[in-house]
């Protein structure tokens, strides 16, 4: 029992931090610009592929530095010459713009790197088990993942709370209209924010690429889980997103460890004609089976009962 | 004592935003049929008071009685349905709908059509007649096809009042109806208000003292969230506290 | 058919008397077109494609009840489409095995009722919020439903879905619904009736209040309306029509599966609606026809069709944000004032370099694709029937020139066209015909 | 080539059905309906390349019954509904033979459509040849006379796999993990049933289902497998769900043997190599390149010289086309109504080893020798590696046809 709780907690924290790593850029963009950036996962994928390509010539660490810079630069270009033109037509237009962008990026990646997974490896310097608990290894790369997530969180928090840029950004988080009125160049801020968001997505890509599967459909397969993190955490709240990532990671991991089901709790269903098959599908489902869809349930419940999210400062 | 309940009565009304208390125990009773103006320096809490009465904000304390019935904290539409309608200081119309459609939408509930999705709106003769009347009242009849967002500022202000009066509510709250208007436009609006407020109860915020003293039966002076005087225009003019707190600064 | 209504206002300058032809002319024309179409486009594929279009027209119109009319961005419209389809399939199978004497033509109603019922259930949850929170709730609900669909294998038929046979029901007037043409007319009738119903809905007090809530939800409260109730009714009715569309899709394909209620399907309907134009009733109809056509045809022309799809959407939202219908609607005042001839030459002038730029761009895309993806086939390829080698410099030079020069000329011509449009519009207004 | 023409062809075909089929009446048209864009394209493209390769080979020798073979590709985007539109398009273009493989949902839709089409359009028969969809439902409850299946279905594969496992005494505790949809449940149910019958002493220590392609982190599942004390895992997972599972196991240092259906699928070998699990991952297939049979290996080499980037090779596609052409020649007709009876019960020397397989008349399921192979470093006599990993599939056992036969519930209705 202790073993399961301890290991689940550890796995949950590690998974949660991976989620935060992926979602941090989206938090910044979604919170500040209100843009439902469906291309976020595509920037994440670009990060992975750029990282892969650079790592073949200059090694993993060069990729970790260069890929986010490249993708971040690309992000600013996309904002400047695309999104900005769309901005005045409202959020649905922005959303569709990023929709289209996701299609384009996926096909371009397919053209350049093909449709099959590429062999993007963990760097040798991190390819060893960091520690072992209950005979289960925890690779050093995962610890690195965790540390990066925390570092990004700390750095973002520091920038937001302690620097002048951060103060403007923070003001924009709670009073988006005011920032423009105070005479700041909102266009430049938005461009910067989008670039940083895309760059953070790329950091996640470079790090998650070797750990997961680097393939041209990886953006699509990620699904909308990152939106869940941002919304559950609360719009405009970095700490909220951090907390939400941890919560989702832990909920999902503990759920996987549980084999409880209605059948387990109340015994097998008494046979009762044709309905039995239909009800049986629900009756026999274990908590573990539905673990990965629990975050979406959490999303719906949070929005109904606490629409500002865990730590948000404003509603939608 | 069995005198009828006042049309609108505020008792110890309070509103806090965080630690800041904007409305600090307002007591006010407006008898039915009275034209009542609320004046006070900027930041005194006049608009906040309107937001509390009309249901946009939820009070932190005290009660609001509409003909004796407590409406504090109720949703705007519920208060509207009890016969209280309002206009806004910052123009608050339906920008993509035509002027015609703006006014007609504002008549529909009071005409009893509610959420009806089985009647053709064009065939509702009574709503059409009422819309036409209102448009004539606010002098926008020749602009009826234009999207409301394309009207001039003064026209939008007129439409704003039109939306407030379209539903035939018997208590009207007008928040600075003449703000930003020229003299001629102001005069038009004043006579309009005078006309529509007959047999109704009117509560208005106004900065134009000419309008206030012209229209109001009684005036309340709100300073820092408190009513420091509430009386006839003549008496308010003479009130020492008002002189000091308000007129001394604004008018002199 | 636009937002700005024309009430019959006797005594007012442009008040209009509604004759039968003026009021219903468009609908009569639409009915005639629907009846004649299968005789113009007669092939099996054309019939299949048109059946698909009819279904998607209802679906997109139902979605625009939310997005265009009420201002609600939903990511879960396919939930009602899919559930409507499943209920229809199950109803058909029960009727067939139980010998219930119901003709096929009424079965889309089962889909509609299912869509309405689930619209009420999910609407009660999601319409408590508006804006982004509403959008995110619909996203969550859509994920929950589509995930559950794979888990509840008995009802949703697992991966394979549930099949049915549309010919096994009682045959009214000798209609077996085996031949696709009969299914086409079934869909056409339902499409016509549904579209008319949804249009009628926009002309009711409720329809107008939906617009008011879209424009300014806060003020709607101060004229007596509960915005949550408005959203809820709109959401439920939208579910009804999406369910009918799902039922027709089920009858058309005789199969329903879990993919039909997934996020991809919901995304498709957003694209259709937006591309067609949300501000106008006919917008979603145009969008449904265009996007369905592209989905059916584009993959035959190029295997990187998704790239073109993406570029099309990006181009649309940047250059034509109010959709195709919006673009057409903007020409209406000019047409009415007989000023269109002043801008038409400028449109033609912009079109030519625009097409050249597109040709250059797609040529580059296809050449890249040939070199990168079809590497085993060698560099020999053909573009617009012109054969050449993708690794030779000349084609690249041609493509780059077309793209660069075309773009430059297009931007200039577009600016001139916009200028001409503004002038013509001003002229139209001066004539007193436009607003 | 074809792509350029079709844009106009489509516009024409919208106008009238008479315009199209006359274009090239003397070729034998085979319509290939599979994903050729998007995520599924990585696998769909391989089948198409292989069909083209086969067509070119056969055409070089004069074709079938004197007609050249023409492969026409239709992108179905892995969607059942889109597939039906594409099949309709193919029919309009004069195609009578549909080949498809990826996705049981698509397969079921096409099987159902083709059966109804033939019933409603007598004399215009279409036949559907399935090269990869293996949900047992296709050849059981919803079986059809017009559907022929070349890949061994889930039950057949599991029959072969369990017949192999029953002789491995070191297997004591088995853990099942599958994707939570009908295919995953078919795999798990078959495994439970057959292991119980053949090796009652084996303990099933877990029967896990997880949602389809929704898991990013498989560590909790790996922790569960470890906690159960399993020595063997059976999984029907494919694609990302398999790659991430295997990599998570490698990361955590989990030492078990993996019996899979799809470790040989695109991306699988790369994942196994990255996870560094030599000779611990097994698959059951109708053949691998390293079977020492010269004709197959020569063909594989010729194919790979042409398609260097294609990672996988489907022997079943050769069986499918070979048997199709044989049936056509025997029937002296390219009309499915005439050659389909010849396919029923046909015996055929399989591509991988030359040993005989049979198309069972009862359910149109092809039975063939199956191979259990494991993935790891190669020796000199095993020339084929996978996905440039340096590792390859090595046969550990051949399961003869008689050990793969399962029963079917198929009741085919077809009146001549």
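General observations
By written order: A, B, C and D. Residues from 1 in each chain.
Keep in mind that, in the parts below, a residue touches a chain if its C-beta (ideal position, glycine included) is under 8 Å from a C-beta of that chain, and two chains touch if they have at least 3 such contacts.
None of the values given here were measured: they were computed from a predicted structure.
Both chain B and chain D are touched by C. Note: the chain lying farthest from chain A is B, by mean C-alpha position. A simple rule picks the central chain: find each chain's mean C-alpha point, then take the one closest to the mean of all protein C-alpha atoms, which gives C.
Centroid to centroid, with C-alpha atoms defining each point, chain A and chain B lie 48 Å apart. As a whole-number value, the distance joining the C-alpha centres of chain A and chain C reads 31 Å.
Rounded to whole angstrom, the centroid-to-centroid distance between chain B and chain C, based on C-alpha atoms, equals 43 Å. Annotation: 35 Å between the Cα-based centres of chain A and chain D.
The set of chain A residues touching two or more other chains comprises 106, 110, 114, 223, 289-290, 292-293. Among all residues of chain D, those that touch two or more other chains are 38, 41, 180, 211, 214, 309. Interchain contacts (touch definition given at top) occur between A-C, A-D, B-C, C-D. Residues 34, 36, 82, 85-86, 89, 91-97, 99-104, 106-108, 110-112, 114, 223-224, 227-228, 231, 235, 277-278, 280-282, 285, 289-290, 292-293, 296-297, 299-300, 303-304, 307, 315-316 of chain A are the ones touching chain C in the complex. By the touch criterion given at the top, residues 40-46, 48-49, 52, 147, 150-151, 153, 157-161, 163, 165, 167, 178-179, 249, 253-255, 257, 259-260, 295-297, 299-306, 375-376, 382-385 of chain C touch chain D in their complex.
Touching chain D in their complex are the following residues of chain A: 3-4, 7-8, 11-12, 14-15, 18-19, 106, 110, 114-117, 119, 121, 129, 132, 134-139, 141-142, 211-213, 215-218, 220-223, 225, 252-253, 256-257, 286, 288-293. Residues 3-9, 12-14, 200-201, 203-209, 211-212, 214-216, 218-226, 229-230, 233, 237, 435 of chain C touch chain B in their complex.
Touching chain A in their complex are the following residues of chain C: 67, 73, 125, 128-137, 139-141, 143-144, 147-148, 151-155, 263, 267, 270-271, 274, 278, 304, 306-307, 309-314, 316-318, 321, 368-369, 372-373.
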